[in-house]
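Only one structure is covered here, and it is reproduced in the block below.
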Amino acid sequence: MTIADGPMDGSATAAAGAAAASARRARRQTIGGLLPIVAWQTLFFAVPMGILFVYSFWTMKDYRLDTTVTLANYVRIFTNPIYLKGFLLSLQVALFVTVVCGVLAFPVAYFIAKKAGRWRVLLLIMVILPFWVSLIMRAFAWRLLLGERGVINQGLELTGLIDAPFSFLLYSPTAIVIGLIYAYLPLYVLPLYASIDKVRDSWIAAAQDLNATPMRAFWEVTFPLAFPGLMVGAVFCFIFGLGEYVVPALLGGGKSLVIAQVIRMEFELRQNWPGGAAISMVLMAFIIALLALTLRWIRPEVAR
Amino acid sequence: MTAADVPMRRHGRAATRALAFYAGLVFAFLYLPIAVIVLFAFDDKTVPGLPMAGFTTQWFARAFADGELVGGLATSVRLALCSAVLATAIAMPGAMVLAWRDVKVRTVVMCLVLAPIVVPQIVIGLGLILLFRAAPGLIGEPAIIIAHTTLTACYATMILYSRLLGFKRSYIEAAMDLGASDVRVFVEIILPLAAPALVAVLLLAFTDAFGEYIVAWFVAGFTKTLPIVIWGSMRGVLSPAVNAISAVIIAVSLALSVAAQIWIIRQTRAGRA
Amino acid sequence: MRLHTRRDVLRHAGSAAMFAAIASQVDFTRPAFANDKKLTGPINVLAWTGYDDPELIKGFKELTGVDVNVKEAQSNSDQLSLIRAGTTKFDIVNPDAVWTTKFAQSGLTLPLDPADIPSLGEMFAPFRDLSDIQYDGKMYGAPTRFGMNGIVHDLDKLSAADAADANVLWDAKLKDRISIVNWAELYILMTALWQGNPKPETVVGPELEATIARLVEVKPNLRAIHDDLGSVKSDLINGDAWVVWGASSDNVARVAREAGKNVALTLPKQKGVMWMETLQIVHGTEHLASAMAYINYMTSAKALSIMAWGKEQFAVTNAGVSKYLTAEQYKLLDLDKIDEWFANSIMGKAPDDEKAWADAWEQFKAA
């Protein structure tokens, strides 16, 4: 692992020794700071994934592991349309949810960070509180809301707006999207809050004093500073959306499968750990490539 | 105040009101399913659904009498607290370095940190259960804490990182180069700066660890967390007792949060007076 | 750079041994069992929900002095995965009979001697035929609970006369009205049976293709394909579905009736399909005698009556439960209908070609 330090001021020879000492110190801090998280994720994530990576080159024969190395699992992924179909559905859902969540979450985070005054911690907690109720219960509640004899359909029928209930509300991609937007809102609001909060009111006021309209002050001061939070929320939302299993399983009705359901089918129906591992590896490679691109946008100013 | 200021202020106030209204709508969306859950906790039907049958509090009595539910709740709270604190603790130093130092391997580290959220949980569960073959003694509570820390450390690092990014270099230099008073600098400068993100991170990590089922099931051994108990009763019909315990969780946490908030406001007022 | 090297060294030193330990699946060097005479414990049980009943565990402890730890699973495959991983040493596992081959072929379970399980003689007649729990000529499990798969229908929407013909499921009037569960073998088997294959578990090739084509035709009528049995029940009770096909129909009907829904279970003239659940012993158990005692205890009339009237109310295989259940309970569990059921159904068997059926189910899901 190579780690470079912050730019050093080495122009004065007299200061060179001190600078070297400070550089060593900085390196120690860098390594020391990264060590816990890197070691932890290596041991408890990279190693298990490494094991499954090895599995992905093996096969299952008669429910026993055949350790002959083969690319068959990977070939199957790119030749069987069910994987591509599942992936595309996941991709669509994840993209849509990411955009909608962002639009829903930004004003709320802004309101909590800037307008809620002392009540902001309470409001922040209130954003997350619904999620302390089991996911199953929330999904079942959505079923009661969206079902054919559910609250929404009955309400609409009662007001005479519709004659027959909407059956597409539940057990459909619509239901998956509603469930996911609901599930991921806090993932957006919280990082956004954390970054909007650091935008000083005085900066906004200063911009307005310089005759900027509130709109312009927002776009030129608040938004750029909140951007990392927005990106973090978007990255979370998108990645979670791609890999999500539970919400599609409970609300989607199982008639069209997202990629996580396809992967699960591999493990459940066939007991095919190598096959399931191979799809996961491809999915992970895709996301990591995407991340590597996206993360450039949220690079720190200080590093430049 | 000049005449020109007035419309702008008024405009600002209207905008704030619009913003508050919008936030109100989003909060309504967030609490709609919760309202449904609470509503059916008081309904006499054994399987929640419309039309409602009649008012009852029997489900609350049953929930409290159900050792599995109450025990699962206690276990879940305890384990989720541990993994939230642990995830935040390992994420904070990493986020500081990533945000403030010119780390060449930043992208690699970030991918490593973030990757767990894309891998389907069943795969992580299987991977971890294979890993724990090397240390089967950890199966149970320690393994659940480890698993959830791994899953939540991603949010933790990323949220802290995005918060720390915007701080001026001078702060950081001061914070990191003040020599002997490292701890003091951390406590007096960095912690307050990072506080909003720390709150957000602890909340999110706790929430995710509290509700996660699939990975937990694989590594839990015979330990029963609340989600494991609830998923376990899925094959029958979920009893409204689960609605009742959910209602209690919401009510108690709301009450505690409001009380704490009021207390804090009183304290600050008293402090100023 | 130093860090890198150090990690490399560590990796090379430890990895070979570690990896062998972690990645291999079943340790065949371990003895298949230990303690076949002495009652030792505690025993670890991996089972479907229903086994972690304090009363059941207490009964076994009183009888043998051995403690039982129960971990509940939501599927056969979760059980197989956990046993395969082998991290926790389980002594007993609880798959459906049709999964016997998968466990046995994986080398994860031990063959049993029917003579060691006296309660087998007390079972209802069809469960005494142990061919359904055999692999390679040996018996691997003892049946505990069972269920019937037919058509559960909301009587306000579909009459028993209509449901007596299985083809009603394909009728356009049931569009979006049928909920099923993700139970691959069952639906392929039932569809093949209803297409006139007397031995539906044997269908492969063009016959299997015809079966899947037929199954795909029912898809527009499906409200949902759930992963859990609870959801089909709430669909039926809340009116999202008018019909539940399969999904352990007798249990679905029982729960729906209890919730006040006017439903019936009808076995169509093309016949229903039964399933049963078994207790099997895990290869490598260190408490063989206790595990055998547990199987004997759990298949006894006394234990199964507790189980039947426990949380989930599935029908049980031991005919002797009539001694412990009231007439009303016996009737509610549909045990009084058992002869009629047996006459109008077949026992579900594992497909001859598991892989072809898995492909077929995948094709159905993707369609």
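First chain written, first letter: the chains are A, B and C, and each begins at residue 1.
Note that in this section contacts are C-beta pairs under 8 Å (C-beta built on N, C-alpha and C of every residue); 3 or more make two chains touch, one makes a residue touch a chain.
Because the structure is predicted, anything quoted here is derived from the model rather than measured.
S.K.: Looking only at which chains touch which, which shape fits best: line, ring, star, complete or other?
M.R.: complete
S.K.: Most remote chain relative to chain B, going by C-alpha centroids?
M.R.: C
S.K.: Identify the chain pair with more contacting C-beta pairs: B-C or A-B.
M.R.: A-B
S.K.: Report, in whole Å, the distance between the mean C-alpha point of chain B and the mean C-alpha point of chain C.
M.R.: Inter-chain centre distance comes to 36 Å.
S.K.: How big is the gap, in whole Å, between where the Cα atoms of chain A centre and where those of chain B centre?
M.R.: It comes to 15 Å between the two C-alpha centres.
S.K.: Got the chain B residues that touch at least 2 other chains?
M.R.: In chain B, residues 48-50, 126, 130-131, 231, 234, 238 touch at least two other chains, as defined above.
S.K.: If a residue has to touch 2 or more other chains to count, which residues of chain C qualify?
M.R.: 22-23, 78, 81, 231, 234, 238-239
S.K.: What parts of chain A, by residue number, touch at least two of the other chains?
M.R.: Residues 1-2, 51, 140, 144, 149-150, 267, 273 of chain A touch two or more partner chains.
S.K.: Can you check the complex and tell me which residues of chain C touch chain A?
M.R.: My answer: residues 1, 3-4, 19, 22-26, 75, 77-78, 80-81, 84, 102, 105-107, 176, 182, 184, 219, 222-227, 231, 234, 238-240, 355, 358, 361-362, 365-366.
S.K.: Can you check the complex and tell me which residues of chain B touch chain A?
M.R.: 8, 11-12, 15-16, 19-20, 22-23, 26-27, 29-34, 36-37, 40, 48-50, 89-91, 93-94, 96-107, 109-124, 126-128, 130-131, 146-147, 149-150, 153, 155, 157-159, 161-163, 165-167, 169, 172, 176-177, 196-197, 199-201, 203-204, 207, 210-211, 213-214, 226-227, 230-231, 234, 238, 242-243, 246, 249-250, 253-254, 257-258, 261, 264-265, 268
S.K.: With touch defined as at the start, can you tell me which chain B residues reach chain C in the complex?
M.R.: Contact set of chain B toward chain C: 45-50, 126, 129-134, 136, 139, 217-218, 220-222, 231-238.
S.K.: Could you list, by residue number, the parts of chain A that touch chain C in their complex?
M.R.: It comes out as residues 1-2, 31, 51, 54-55, 62-65, 81-82, 85, 140, 143-144, 147-150, 167, 170-171, 249-250, 253-255, 257, 265, 267-271, 273.
S.K.: Note which residues of chain C are touching chain B in the complex, please.
M.R.: 18, 21-23, 44, 48-49, 69-72, 74, 78, 81-82, 85-89, 228-231, 233-234, 237-239, 255, 258-260, 311-313
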